[in-house]
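Labels run A, B, C and D following the written order; every chain starts at residue 1.
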């Protein structure tokens, strides 16, 4: 970079030839503009994007809006290699279609007056270590298994018992005192061999969830969904149970797929945590798969508010949307976590936190952060490709240690 | 702490405003007082407890009695952040309701004359490394599997086979020469996949313990209870077997739950080790759940003396009560061990020690100490939340190494 | 070596007595000769091979041809301890019968003019780190499970389910987003206990592959063969399925054994990767087991070209033969990898790369290289004897890390 | 030791009072004496043994004979804390009843003339690293799975499948190319979950070995016995098979127990390796349990010679007795290995070496040495108590590495 030619692009629409050692500083159009670039500006951006030069954007890539780019013209954004943004990341950085244009980003402190910051009201937060450090509880010397709660996990079906295994381990490694897993009969050997610490409540049905024989009075938190399947018999049992649950609840995967009508969605207890990935959320909320990520995010915030639930919209910068319409974008995580079973682990972690008495809000936020941090620790050791969901769980203890330091 | 304002509270009932950097030295009322604080003293204590200052107690928090605080008034104890206690920890430090007021504690050597110490008779001991170092045996070069005994473990039932897995691993990692586990038929694959070193004696019953087909003459020690269930058929088999066992025995979990009448308790062979947690002990001894920990401890000591058994009352500072009315409070362990399967591991460890020829007394003491130490090693590596019972067992070898150094 | 007597052998057919500290420099006959040594030369070579001296060959052991030694006389090659070869390894180095005579080898840079190198056309390449570094893809921050594809593995039969386990782990550790494994009923517990991250599609047949109940539309890549067995019912299901697969495919082991006639070989989709070891390739291509390795290699190149497939001929210096008649000899790997399950792991790795969108050519090359590198990492840690196939898979993450540095 | 009083005991029968800091040098009676001590000498020895002093014996504890102490009087041996022995350890050091009196021992080089050493013929050897370094083979770059052989293991029965698991892992970690395990039906899931690298040949019988369906032509070595049980049906199948086996064979555990008559022993193929522990050997050879270890050793040497087998008599200093009446006492191993499954691991290791083409003699010697070394590595890391048989196997790769350095 020492011997590279630094070039600040002036208001000239004719670009010189750039080589791959050239660096373009994109400081032209700030976040103030809120209409798509057109004409010569658009042409300039396209030329820059075609060139081989590295592009560094200041504050935000030119042409991009800070929040909603649904109505914007994608071809007219600068495609930056790196963005130095002022004081705070912009919400668009967290959204797939737009975030790709930002490249790596870093916050530049421009010494905004603290008062100015605190006066600016926002419902969107970037979730960082300092936030979760405040949430995490210390453990009293005289605590016992009961102190950390008894979790109930309803998960697994024929051919999908692994989801129950991963979720159970996540729950126990997150600190639950006791865990009972309700599984179909054919899950018995798999579960007990894989997670001897978990007790089983075995369903009468061989392959699918069909009923809870004992009403779960002793349980402090319930998690439902990983690998559950969507058989009619399971659907019936699920909604029957839903009426009876008076303790914190997290729903994932097939439990979300069973919520296939507004009438059924109405039955979700208030305060429940839902952990859909994008596809699951689209089905759940009836959102078209082709809307922009920003529109989808608005839908998730609205869904959380309407149903009084916590919606954990999984992906890069997983968003935790609260009933109060707040939204927390998670700092931790990496593409190596886009792997089979990663979501099952998260459900287990959140369930384990709920069992210990964390509020739904704290469990969702802390769970998402720890899960991502554990994934980062695992990826550092094992590469992103090499990482499997089990590795995330095995790294969870190190994640706990890291947020305690 | 350097720039903090040190304040010794005089006999003044009006407290200045304390900030969180202030430190109050609580040296007012020693252990001599044996009546609850009242009047101005009580008011003073309440004021201190409400303030933000850090409190350091000398010898014992003011208002607390050294042993029995059953008749004391809880609101009138100083809530210390740290206690420097003279020469020996007080028994109240080990009891949940009172121990919480002590905070972290440390022993101050006040140079009591050794003769004074040895003349003071006590039946309560703080179990430390120097005690177990004397107990642990060295192994002769020419020893063989028979030297280290053949243990029999009767554990596990449908949906609770994991307890048998954990207990078995604990037993083998504690050094038993051979281990046979008696399990119901459905435990076969689980056990052999998880613990290939253990042999099985498979029950004719698919799901529950129903009989021992061979009388266990070859066994040097027996453990019964983890995950056993409380079916009638198991109860019958248990009491039939109990009559025949002439070797050291450890009973845990459901084996304790089966002892649900004084008549049945009478059938426990002398010298047996019982390892109840508080809830199990209450049921076993008919103690009300609402009595003070001190009263419960007295009950445990009495129970051990009456039944001529060793009662391992599990919790923080696990207490080993002997038939001679001695009581050993364990130094090791941490709140991360309040996790599913932790007790199963302990039962296995004690069984493994019994098989090797340790006396019941030594096996109980050494087992409790090693179990706690292994948990401490695991928690240091994995955090308290992240720790699972399997980790305690995997750390047991390091615990053995540590007490040998 | 300092005090050893260095001896350059002149054109004299009478050798002095050599001890084991003597070193013979074999620089007599270069690669120019292309007829077997006879007469006095042959006698000299035999004398040298019988002596105790260490032999260092320059460019290539005397008597050996650079490529095809099928018509050569083996007894007349110098048996070198080490060969310093000019600019490039010769193809004969990679072939078992001939490579053994080369000993350890190293390339000597003799400053061939770059133009001379680039003008020399070759279809044979030595596959090295710099080649795979160019192939491996980076992962976008905004990728999700779908980005990395959904792989389908059809593997395992009664008594051979372990092959499916190893292949599945290889696939997931290679970075596939999702994996479904189609297994016979009796594989259910084995698979889910061993690889909880994998979902199952369970066959109706208890012991063998008999049909795919759902057409694999959702799958991005398919792997068939490890531990599959060669039952008629599996053969029928295999060829029925083969007609329907429109996505990249890798065939191994019993899937290759099912291709037992030219008519069946014609049904292999273009672009498929085949991963036979020598015995499997002989059967597949109808090659006699007694032909030279060179003839077998030519047959593999011809087979790849005729069937438009990628033939991965496994062994030392595994050769990847492409439809364009190119051949890549792999640098990585060691004799410790000649162990049960090693090939199953490779199939899984290649499948995992295909699922992520690598072309068949890149998946074969990258898969072979990573597999060998993982095996090298494992052997360094565990010795060649001690290494098991599971260790190769557990080292795969470190292999990914190494080619990224 | 600096400030300790060194006392050489003269020919005085009256001993001074010794404290525990005193050290007695026992140099009185060398190995020359071959009759039990009596009278005053015996009294002196008894006094020394009763004293608290540390005793250092020179060459051999006084009163002990170098080889056979069967006719000697135990109470008249010096019980040494340490013995410095001249030039070579004495055979009595390796025998339980006598070895205990030797304490730790170390060889003192007394500069015997090499010629004197080589002229002294002996059939007893102390097996050390330098011996096995010469045995171990290097691996050719061009080797493949076939190079390292295909082993057949017949092991396991209902409730004892773990023995098959441990033996299989031992075999594969010892370097076998392929392994097929013949197990009863109920062993299927256990084996494939635990050792995916092993293929199974499943017996038609659910619980016991009843027949080999395919004659094992493809196998290069066979191991029979761990966890096999002694059912009549298994006995029949065993002896039927024994007639057909033409490849190297190792028999252990229940396979040895099935050899319960001289007529059956006659059916053991020549060159077979037998690996009994003391109890198994007594039954096998009809030796009384109460004979001296020396007499038992002589019996083992005789048995090996008569049956033309290799008898591996397991224990401290495991003895490998050859048909030529040689005896190798193994240097490696520790009391932590006196644990369940340790012998199963050894059988597997020896089988794995046989499959690779090691002679029966070399496989027995190398196997015993590696097994002990792996156990030493494991015990160093995990303590003797904490060590389980699985740990021995997991340390085997490090043992291979150590003998290669």
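By our rule, contacts are C-beta pairs under 8 Å (C-beta built on N, C-alpha and C of every residue); 3 or more make two chains touch, one makes a residue touch a chain.
Keep in mind the model is a prediction, meaning the values are calculated, not measured.
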Classification of the subunit A:subunit C interface as same or different, half of numbers criterion: different
Chain whose Cα centroid lies at the greatest distance from that of subunit D: A
Cα-superposition angle relating the copies subunit D and subunit B, to nearest 5°: 90
Cα-centroid distance, subunit A relative to subunit B, in whole angstrom: 41
Centre-to-centre distance between subunit C and subunit B (centres being mean Cα positions), rounded to whole Å: 57
Residue numbers of subunit B (touch at least two other chains): 189, 193
Interchain pairs in contact, sorted by label: A-B, A-C, B-D, C-D
List of subunit D residues in touch with subunit B within their complex: 96, 99-100, 158-163, 165-166, 186, 189-190, 193-194, 227, 277-278, 315-316, 334-336, 338-342, 381-390
In the complex with subunit D, residue positions of subunit B that touch it: 139-145, 147-148, 172-179, 188-189, 192-193, 195-202, 356, 396-401, 404
